[in-house]
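Shared between the two complexes below is chain A, which has chain B as its partner in the first and chain C in the second.
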Partner chain A sequence: MKKRTVFFIIYMILLMLPIYWMLNMSLRTNADILGSFSLYPKNITFANYMKIFTDSSWYNGYINSIIYVTLNTMISLVAALPAAYAFSRYNFIGDKHLFFWLLTNRMAPAAVFLLPFFQLYSTFGLIDTHIAVAMAHCLFNVPLAVWILEGFMSAVPREIDETAFIDGYKFPRFFLTIFVPLIRSGIGVTAFFCFMFSWVELLLARTLTTTDAKPIAATMTRTVSATGLDWGLLAAAGILTIVPGALVIWFVRNNLAKGFAMGRV
Partner chain B sequence: MDKWKDNKAWFLVLPVFILVAFSAIIPLMTVVNYSLQDIFGPGQRVFVGTEWFQEVLSDKRLHDALWRQFLFSGLVLLIEMPLGILIALMMPKKGWAASVSLVLIALPLLIPWNVIGTIWIIFTRPDIGLFGAAINSLGTAFDHTARSSDAWITLMLMEVWHWTPLVVLLAYAGLRAIPEAYFQAAKIDGASTWATFWYIQLPKMRGVLTIALLLRFMDSFLIYAEPFVLTGGGPGNATTFLSIYLVKIAVGQFDLGPAAAFSLVYFLIILLFSWLFYQVLQNVGKGEKA
Partner chain C sequence: MAELKFIDVVKRYGKTQVVHGINLDIRDKEFLVLVGPSGCGKSTLLRMVAGLEEISSGTISINDKVVNDIAPKDRGLAMVFQNYALYPHMNVFNNMAFGLTLSKTPKDEIKQRVDEVAVILGLEDFLYRRPHELSGGQRQRVAMGRAMVRKPSIFLFDEPLSNLDAKLRIQMRAEIKMLHQRVNSTIIYVTHDQVEAMTLADRIVVLRDGYIEQVGTPMELFSTPANTFVAGFIGTPPMNLVECRVQKNGDAMYTQFESGLKIPVPDKEGTTLENDQEVVLGLRAEEITPVDSGASLPEEWVFSGKVLVAEPLGNETHLHMDVMGVNLLSKSEEKRIFNPNENLKLGMNLNELHLFDAKTMKVVY
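Moving on, here comes the complex of A and B:
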């Protein structure tokens, strides 16, 4: 076996260890976890998973997160597509500044901004709705989407646009039927990154929700009680938080692997 | 080729501008407002000018946190960028192995940040955690809650474990985008592996690596949930990074004025460095024929 393959396999094993440990804990009772060190679960129990799937305050957390993350991914993509096209094809007043300004929205430390955020969304009566979290997450996902898509679009030769316009295509029809299919892979990759960053964000999501749209990451803090953490339950919930994102990346894996033939991201 | 000049392109950008500005501008102005006033309660506020800024800028503990933050982000970039590129170069290029490794590599990125900290608490516990037990069986008394060097090592390991995959994914994507013809040409010229990397792969990855570096810099400079959960900023103040100190002021002491001034300074530091990185990466190697 080649040396690089060996290194890569070692890296993959190290990468999987903490996740394996979480899986190991999720299949044991809390008393068992705290009682003894064990490399693998000796008495496998699915009680932790059963609790999550049967207790509505638990599984609603997942449903809420999936709803606002999906909403956010869709809004980000729909808004970012035309904007990225403009940045990749046109010179216009303030284009460079606007492009960098977009990214500056990822740079503010959240702590103090939470209060004005809460006030702003209260004013519009949006607190504890999925759309509020989806909108708030646009702050960091839309700029990222524009940056990634712009790279993909710049890699598409402009002759394609020119030919289509000479053939009499109007912009909306050209964009939707010719251009968007050309950058399918870029859209897949962008969707994954939007999904991921919205999925793991906690501070904004927690601030803007109380019960009806409470995200799973906030629900998980409930495993802390007077008697300490329920590690087994927390680990099971942690394993389940990975599943939706893993499905998303499974669907876009081919775009990442080969469709990138045109992008510079 | 030059881009088309047309200010009507603004119409395409407008939705994004409105969407982002809605969430960005009013909160930012509110924080600027806080930073210039002393707020006693609803309707009771006094304009204090730059007083909070002066107070914040002369805060010794803030300076300490700032240097700690620079050290942390510096280490993060120095470790994660080369490591990420290296892993991406070693990754399988096609077939089921490529698919499986892509999915596995993305897994750490998908765990909510507070959960990351919690997993590592138990992962590093000497009695029931795999890492803690392994390192203690080597004969060292490793304890990230007692010794600051151990806390730093644990945090760096966690950070590298958590975020190197982002660099790997982006670098891998960039590598796959290089047309095969370049490698054939390099082979004919008898270029070494190193030369191929330095003159073909690295320049072609400029775009992805710019985004990876900016994202890693911003997010590591803003890191909060993971160290807060894992070490709580301790032992002592050894891992009190800027955002942890900021939350102490804003929530712990409820000093909205200084906290707002702090936030703005914090924001400007990130802005300045991101701009510098961006400018450098846009222009590096431009003169060469790469």
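Moving on, here comes the complex of A and C:
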């Protein structure tokens, strides 16, 4: 066997092991998990999954997360598309500094913004709404989206724009019918990154919500109680949080590869 | 029907001025080529005509109408770019038809026009392919077709052949010339390749550093260059340009080189050369040819020289010659092998001699 294949197999094992172990735990009862060591579930039970799918406080966590994540991805893209176009096509005073400043937002830890956000959203009565979380995540996702999209847009030759203007396109029509399709893969990649960040972010999502918009990550912390940790349930919830991300990756996998090839990701 | 007029056209980027007051008239149906080395402002000039660059000062008019503030689409022109700028997500048909759908041309007319152009350009079999499935030459044809279906009164070409390989370039060059004969539009064509300029143009504008060096037909530029730049730029191989001094000896006039070589200057009316004036002598390689002893040229026009390097091209041979200490390029159409260090007799056709002032570089003879 070639060296490369060996390394690849070792890498895949290390990568998949925790996920397999979570799957393993999610199919067992707590007593079984704590009682014996087993490489595979001997008495398979779906009780943990049934609880999540039947208890509204559990499945609402997923619904809430999906709602604000989708909202956030859409807002980020709508805001970042024109911004990235401006950065890639026009020179204006301080454009490079502005571009870098946007990125520094992405570098700041979320905790820094926690208190101001909480106060701000309380004042506007937005606490415990999906839009509050979606907008808070924009602080991180819009700069990221601008950064990625700018790279894709700069790869489109300027002459495309110029030909279109000589042909008589109005800007909005050009942008939607010619330009956006050209950077399709870029938009796919951007959406993926926005989705992933927003999906796994816990701190802001948890602070800005109480019940109505509570995300799944916050719900999962409920498994810790005075009687100990509900291992099986936590593992089942964990497996289910992987599913949406895996689905998104499946849909954008070709674009993602193209995006990585083009750099900037 | 389109005539263009440039009056004192200036382009500045911030404080740097790149085009300095261009004045130029372009006639209806003319094939005008803007040629010059990179950075000479030729593309900028073209983009100002298209409306893609603002005109800093001066005016450009199309048919006596100043177009400075008119949107690109209302100027009645079409542009072909070096990198084709095809829409990669649309097939050839849609690429060509898209400009027309905007002007709300009826569907069957669009189809008819696209088919017509596709036949002219030999693209009938490729109409439903995507640009990435085409070769470079085919893509360039699609780009031209996209311009043609709009039936513009002015075509603008921005180095359209630079991305093609040499063989294809020659073929496309002929096609562009045929296109001009067929469409009867005014064409402004930008290139840095003087061969393209010579073969295509009705008139050539030679630009350098944002100034016009000379305007004229290809033959005018070739036989009467206005300065050393045009002399060296137009024609392959480039004209021999050597510094020397004018010497007058009674009625006879000749140029004296530092190495001692003297080349006679035939009498010509209206020349005002001074004794000891520093000049640059210009003589094309084809006017310097190896001759047999019984040549038809006057005896003082024949010099002896030594071959330094011979470059056979098949139909002709370029000879780098040492003529009494002066390096000159000569051309022979004799089909034989020339050896280095071979001594030859060179006949110079001094009726085609050019002299340029050494300071102003402008033609003085």
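FYI, the second predicted complex is superposed on the first by the 250 of 265 C-alpha atoms of A that agree within 3 Å, B and C clash if a C-alpha of one lies under 4 Å from a C-alpha of the other, contacts with A are read in each partner's own complex, and residues count from 1 in each chain.
Rule of thumb we're sticking to: a residue touches a chain if its C-beta (ideal position, glycine included) is under 8 Å from a C-beta of that chain, and two chains touch if they have at least 3 such contacts.
This one's a predicted model, so the numbers in the text were calculated from it and none came from an experiment.
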item	value
Three-chain arrangement built on chain A, chain B and chain C clash or fit	fit
Partner chain(s) touched by A:Ile166 [first = chain B, second = chain C, both, neither]	second
Contacts of A:Ile66 with chain B and chain C, given as first, second, both or neither	neither
Vertex chain A; arms to chain B and chain C (CA centroids, nearest 10 degrees)	80
Which of chain B and chain C A:Ala79 touches, first, second, both or neither	first
Dominant contact partner of chain A by residue count, chain C or chain B	B
Chain B versus chain C as contact partner of A:Ala246, first or second or both or neither	first
Chain B versus chain C as contact partner of A:Pro181, first or second or both or neither	second
Distance of closest approach, chain C and chain B, by C-alpha atoms in Å	9
Parts of chain C lying in touch with chain A, wherever the complex brings them together	50-52, 71-73, 77-79, 81-83, 85, 87-89, 98-99, 102-103, 146, 150
Complex contacts: residues of chain B adjacent to chain A	1-10, 12-13, 15-17, 19-20, 22-24, 26-28, 30-31, 34, 87, 89-94, 98-99, 101-115, 118-120, 122-123, 127-131, 133, 161, 165, 169-170, 172-174, 176-177, 179, 204, 206-208, 211, 214-215, 218-219, 222, 224-225, 242-243, 246-247, 250-251, 256, 259-260, 262-263, 266-267, 270-271, 274-275, 278
Contact set on chain A toward chain B in their complex	4-5, 7-8, 11-12, 14-19, 21-22, 25, 33-34, 36-37, 39, 75, 79-80, 82-83, 85-87, 89-93, 95, 98, 100, 102-113, 115-117, 119-120, 135-136, 138-139, 142-144, 146-148, 151, 155, 158, 189, 192, 196, 199-203, 216-217, 220-221, 229, 231, 234-235, 237-238, 241-242, 244-246, 249-250, 253-254, 256-258, 260-265
Chain C contact footprint on chain A (complex, rising order)	157, 159-160, 162-163, 165-169, 178, 181-182, 184
